[in-house]
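Just below is one structure, and these are the notes that go with it.
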Amino acid sequence: MTQSQITRSRVMRRIGVAVAATIAISTLASTGSQAASNPSAPKYGGEVKVGIFDTFPGFCVGNNPANSALMATRTVYETLFEKTRGNDFVGLLAKSASVSADLKTWTVELRPGIKFHNGEAFNAAAAVTNFMNSSGMNFLGVAATKGPAAATAAYGHTLGTAVPFQSNVLKATAVGETTVVYSLDRPQNDFLGTLYASGRGFVRAPAQLIDKTTCSGTPIGTGPFKAVSFTTDEMIVAKNAEYWRKDPVTGNKLPYIDKITFTNIKESSSRQAAVQRGAIDAAMFSGASEGQYIQALRKQKQLVEYKSPAEYYPSLWLNQGKPGSPFKSKNARLAVLSCIDRVNWVKTRTKGEGVVSKSLVGPNNIMYTTSGFQKYSVEEAKKYVEAYKAETGATELAFAGPTDTSSVSVGNAKFFQTMMAKCGIKYDFVTEEGAVIIGKAFNPSPAAGSHYNAYDSIAILLFEGTDTTFNLPFVLTNGFASTSKNPLAGIFRTSIGSILGLNHHSNTDVDKLFYEGQAAQSKALAASKYKAGTALLQTEAIMGATFYFSYELFAGKSLGGIGKTPIELKKTQRLMTNWGIDWAGVYKTK
Amino acid sequence: MSSLLKIDGMSVTFATPRGNLRAVNDVTIELLQGESLGVVGESGSGKTVLSRATMGLLPGTATRTGTITYNGKVISELPKDEVRELWGTGMAMIFQDPMTALNPVRRIGSQLTESLTVRLGMDKKAAKLKAIELLKRVRIPDPESMLRKFPYQLSGGMRQRIMIAIAVSCEPELLFADEPTTALDVTVQAQVLDLITELRKESNMAMILVTHDLGVVAGHTDKIAVMYAGDVVEYAPTRQLFSNMKMPYTEALLKSIPRLETPTGSRLPVIEGRLPDPTKNEPGCPFANRCPYVQDKCRAEKPPLKDAGNNHFYRCWFPIGGEK
Amino acid sequence: MAGSGKAHMRPDGDTVLTVEDLTVEFKLGKDKIVKAVSGVSFDLVRGETLAVVGESGCGKSTLGKAILQLPKPNSGSVNFLSTELTTLGKKELRDMRPAMQMIFQDPVSSLDPRLPVSEVLAEPLRVWKRGNQVEIDAKIDELLNAVNLDPKVVRDRRSYEFSGGQCQRISIARALALDPTMIICDEPVSALDVSVQAQILNLLQDMKDRYGLTLMFISHDLAVVKAVSTRVMVMYLGKVCEVAPPDELYQNTKHHYTRALVASVPIPDPERPISSGFIQGEPPSPMNPPSGCRFRTRCPAASEKCAAEEPQLREVAVGHFVACHHPIEE
Amino acid sequence: MSSTEQIATTDIAPVQKARKKRPFGFYLAGFWVALILFLAVFGDFLPGPQWDESFYDSLGVAPFHQSHILGTTLDGYDMYSGLVHGARLSVFVALVAVIVGGAIGTVIGVASAYFRGKIDVVITMAFNIMLSIPNLVLSLALISVLAYSDENNPASTTRRVGVLMLSLTIVIIPILGRIARGATLQWSSREFVLASKSMGTTNFTIIRKHILPNVAPAILAIGFLAIGSVIIVEGSLAVLGIGVPGGGSWGSMLANGRGNIAFSPWEVYLPAGAIALTVISCNWFGDYVRKALDQRESKI
Amino acid sequence: METIRMIFKRIVLLSTVVVIATFLLSLLMRLLPGDPAAVLVPNAPEELRALIREETGLSKGIFGYYWQWLSGMLQGDFGKYYLNGGYRPVSEVLKKCLPPSLFLILYAQIVALALSIPLGLISAYKENSRFDRITSSVLFTAVSIPAFASGIILSLIFAVQLGWVDPIGYESPFGNPVEHFKLMILPVTSLAIGLTSSYTRLLRTDVIATLKEDYVTMAASKGISNKRVLWKHVFRPSSTTLLTSAALNMGGLIGGTIIVEIIFVIPGIGYEIAYSIGARQIVAMQTLIALVSFAYVFFNSTVDLITNITDPRTRERRV
């Protein structure tokens, strides 16, 4: 299991919807309040440097920046909704939302008077344009009349990976200036999660979306900062003087800071040293692979730690669809999943920063259940290996998986290899650049003789949060339901729809349980359906998990106001997530 | 004529990985003003070391003993900087290989005027005029254009002329010429030797001409020192040496030179054997095991430098024609 | 002077080698052609020693190598033992090689420093499969004895343990190994001290007598040449000036260049200083030789005719040939 | 005739055997190289912890620990057995690349310089082209292409090590080839080659008997230096994440430990020291051979 | 005339080498198994791949592709990054990444030359002295420490533990010159260590050889001061080798900075090369490598040409 893929994966930033508000506020909320004990009035001006650990691939719908790069991107783009610390939704660009009784029509009211950085008005039409782009509807329209090549030419090089997440939407309609109506295919109680989301729900200026040549290089949003320049490893943003938000408590105009530079500092030790020394004002870290740095930084009195909830659940995906993969056999899957020494993994690889998994997701998630979860036992694993050999006539249980080139990932792969060897399982790893791995794991049009997912197994972070909207497309047999009336379903069910389920299983009982959960009118019913689905995934050994973890931001005391500026009174957005903090209310104390 | 240079009991030793190598042994030589001395010997005889040691141009691994008196002043004990004052203006040197003795990356003009400006303090213009005059003196046609040339553009004879011009530029009193014509063709050699002699006569310059060729020294020197294995084995005025040589080695050397008069097909006399190992200090005459007249005494004891009168010295127990 | 012609050829003699109109040119980049040897003709009669004399750049060494086809000459014919070498194929030429051998100027460079003497001498014998190991060993001892080296002492030593003279002895032994008919000696003694020089010259004479060799002796030193040769050919800038037996050449010099050469030889006699009076300057570049007689730019007797017309070799006395429009009159 | 028989034999200078007092560095470098070679060959038979086993209870212990003599990494891998195992990979990769690349380069370089003409022009050009791309970039490009794994045959560790060696070999060819060419040019102009030719020796024999033995020391000298640079290039590739996969080589150890330098600096210092010592030793030998060669050349 | 012809010949040779090298690179790219467009954009639909094949010329066979790439280069179109759906012109990346690399190389060269010229001259002049032996052994050790090790260790000591400078980053000299130089200290040092060693050794050897030349003795025999002999007669002919090697390193260093740029997070061309290779952006990679090899060949030829014109010795060889 290679966790740093996890942290680095450029896939699928997810959406979450709070159907059940079971999540406690971040345990570290008190840590955040340390800043409050150091009160200083917000000041305008100043420049800030931030260290991150992902690269910037570009800013169009098709570009999917990873976690920490999203933190930079969200200073330029905003979403319709944000999630609160109470796991509720608060409108950001939207004001409010309402749903019909059959859970199939969602009406969203937008905030009026917001303008994009280029002066364009943000209104219902702009919101629909964004939806049409990210859902693939526009692409389809051109493709239908002029062919796919023309569609590609018109809409940039790739479609956004948001397509399967929005597969349940049949149509979005602008009603007047500020109202958008979304018509759904199936009933869905957690639809708003689709409009939130790390990156997938970003709202871009229509002018940017139309021009495919500048789309990925010229981000134009509504956010507190305007993009100045970017390279693969650096993004510079400057204050948007026209920003719409005001601090609801003090009435101050936002943002405070003039300029922020986000730099990718891939090497953890360098990032740690830089923030510790004050060369940068803040740096983000991942609990999955950077435990020792987080622990070292915690001892630094001049730094403040901002920690996300432990809601990131990496998992091991076993590919049943690929020719030559052993995992068509349940015995093989059981053997591998019984061979995961989670306790020592957490100790050795995360330096104690992770939490040992007892389910595919953490206890904060509505899907959480320990039922059917495969426990660590070398003896059991060996028995399954024997059973696998007897069943298939194979001489050994052998499989391969990718790892990216970072030393942490290679270390993880090595650890995994040794672990598997103890159970008599042969594991080979292939080192490839993260982006290449993602490309080959989620391959919409594989060459003849190969498979959508090129790997026997892949360890990757796909599950997160407290709800299911973001997790669902990955566990279902297809991102587009077989009964879907979505006009895209026809052409995308084979490619885009099927690539998300990395394990390529064919158990439609899973689909059924999760769809029932989404259609449930009560939280309790939804939870029971989801848990049953998770239990089924665990019993059938469709995928496995090792641990879960949180993200951290360390900032010097020169930064004030982090997590102090709610979007609306009493509706404070989350302090820290995998896509960082909200920079609008941050100011320099010196 | 007064004494210009006096070398008294000079020895030179090199520290080598195989031990101390004695290159020059207890050499005593005197040179008058305007006089020319030929130092003759085969390779390994120490003739080149002798000339460089006299001038003080030895590498750091060498040790020199003995006294050198120049113009009545003992220069062997002087610090290097003061000796250097004499170089160029008092003593100058020309080298064997005109290909390597001129700096390949600097123009003839700058090499020629360097000592004029640095040593004589001339200004550039005067130095250039003087350089042109020097080039004329060494019979170089079109001297102006020559100043702008690089050494590679010249023939061997031309380069040797340039080198001579550089050496005589500060009107030295003593010229060391180390095999100045060995690298040249015979017809050119004759021209260069004549040129040197002419220049010497013009300015009453003394010269030490180092060569392996008795034929070269015969016509161009006043006296000759024959060297063998670091020793001066015979030292005499030129005519005296050729007409009345005392040393068997000198005789053997002279005989082994092929001459135009040698009848075709006749056998040439040879010197058998080899030079003694310069790192070992063996007793006896170093020429003993090659000498046709060798006797037991030669092997046991090294002969001292003997005086035959008429400024004729030799190092032999049993000289040709007997002792005086 | 310095002309062409074949008057000096002896077609009736027992010739070992006949060279006609041999030309060798080297290309040094575009339009830069060194005319090293230009239309030289001569022959070698069995048992004679022909000396080729001239200053550096006159083409004498190139001539020697061109005869051995190392490399092949640009034009002209080389007839060795009635076989035309220039047109031979690789294989046939190789078969001719044992009969013609060469000794080089630099005694140290002509021996492979890594090989012991026995290997140096065994190489040609092995290449030509002259006997088994025992026979080869015997031959090596014989050769070393012939050049006055004690086989017991020298067999296993390498070239750098020897003096120049000893190296040259080994080279001679190697050249003798294949019982050649002709040996070309390219300045074999010019890198040696005078005392050693005499040893080698004597040795060459001995070997010539002992093995009935025909020698071509290339040298810049007239005095050395005088000692060994039976016939002398003077070259200047790739052309032949004068051909004569040595005594005739020195006593009855006809060519102005030969006279200058003779006069320039340093004589170890204070009463007879060398003279530079006859010619001045240095030879012109072989890339751009003068028209007509190539010596005319330095010749005291040059006339307009010399520039216009190339002199041909003609006989001025018995066996004495000169290429000059205005030969020296007695 | 005045010359006596056998004259030339009596006056052969007795062989001057230079006192073989080798510098201290010779023994130091020799000891280190011998140690590394010994570990590379017999490392597996020596007692000690598994190199690829993570010791959960001893994460990041400092050197001189009772069961981990050189300590462990922050991830619990034993440093001593890692270094021993790394010796094998690093040395093996370097030796194979230099020996194979050197052999090919020598053959090409010697042939090119010996036969001259058009072949020489083409080969010189080819060398220049290859040398025009910096070592590291060339091996990066080669590895990224050659070790590309399509979905049906993921590049296995063995294949990647093979590709790594192949790439480094390709990098070595022009470097040693050029040295071989230069040395051959110099040697083939010596007269003994001409002498051998004039005796009818075939070109092949001349190359085998005269050129190769004389060119060999120069190649050996540069070959030692090349081993050092290959070890460095391999380390650099590892730092870039594409060295010997699985983190076995010294370079990979250093790359893996790089992030932990503030916590367990021995993870960096030990492999860096091993690399530096080996490179110093190789350079030292290269220098020694070159100096010996210079001395011999000056004698010749 | 002679010189102009020589320059012309050089240009022809230079272009030939670069064209062949880049063509071989394209050929190498085509050795990749499978569809090169799939390598560029692994998760794109077939339609998009077709489009990219068309755009890059990959659809036209090796010669067509190469011709399209080459003519694009000549017209200033350096190709694109196709990573992750979006694309960015390589020229845009180059504008950003060239200056840091050039500054880095320039400083490393200046530092290395400034140190090695006096060190080399003095240790050659005092050959086998204590100074010479100490300098030699220190430099010998230094040259054996790879840049990645020295970089990491320097950064640990001076940035992390002592905190004198920032461990990583790059600042433009025009925006913040002080910070620019401070940030450059460590990377320049780790690059310059090896360079200084090799330059000093080179110069030392060369000066020792030159000191033995007759013309140096000749110059000394004129009675001019040692200093003058050393600078006017020894240094100048010896410096040719040094400067040649320094200039050759300019090209080589562009590649050699990869490691240093990665360790110190300097957004230079080495960094971009490593990135494009890792991300299998073969078009961008081909362009970047072509530029480096062009730089190398260009510096190589220019230096050769300059020494040809200025150093009479090479002319001598030619004649």
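Lettered A, B, C, D and E in written order, each chain numbered from 1.
Here, contacts are C-beta pairs under 8 Å (C-beta built on N, C-alpha and C of every residue); 3 or more make two chains touch, one makes a residue touch a chain.
This is a predicted model, so every value here is computed, not measured.
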Steps needed, at fewest, to go from chain A to chain B via touching chains: 2
Chain whose mean Cα position lies farthest from chain C: A
Chain pair with the higher count of C-beta pairs in contact (B-E, D-E): D-E
Most central chain, judged by mean C-alpha position against the global CA mean: E
Chain centre separation in whole Å, for chain C relative to chain B (CA means): 32
Inter-centroid spacing, chain D versus chain B (mean Cα positions, whole Å): 51
Computed distance of Cα centres, chain D from chain A, in Å: 47
For chain A, residues contacting two or more additional chains: 267, 269, 273, 405, 440, 443, 447
Chain C residues counted as touching two or more neighbouring chains: 163, 199, 202
Interface hub residues of chain D, defined as touching at least two other chains: 1, 3, 7, 11, 13, 150, 240-242, 258, 261-262
Touching residues on chain D, where the partner in the complex is chain C: 1, 3, 5-9, 11-13, 15, 190-192, 194-202, 205, 209-210, 213-214, 296, 299-300
Of all residues in chain C, those that touch chain D in their complex: 65, 68, 70, 94-95, 97-98, 100-102, 104-106, 108-115, 123-124, 127-128, 147-150, 153-154, 157, 159-163, 165-166, 169, 171, 174, 177-178, 199, 202, 206
Chain B to chain C touching residues, read off their complex: 42-43, 155-158, 185-191, 193-194, 212-216, 218-220, 238-239, 242, 252-254, 256-260, 262, 264-272, 274
Chain D-touching residues of chain A, taken from the complex the two chains share: 267-269, 272-273, 292, 296, 322, 324, 344, 347-349, 351, 400, 402, 404-408, 410-411, 414-415, 417-418, 428-432, 440, 443, 446-447, 449-451, 454-455
Chain B partner contacts - residues on chain E that touch it in the complex: 127, 213-215, 217-225, 228, 232-233, 236-237, 240, 311-313, 315-316, 319
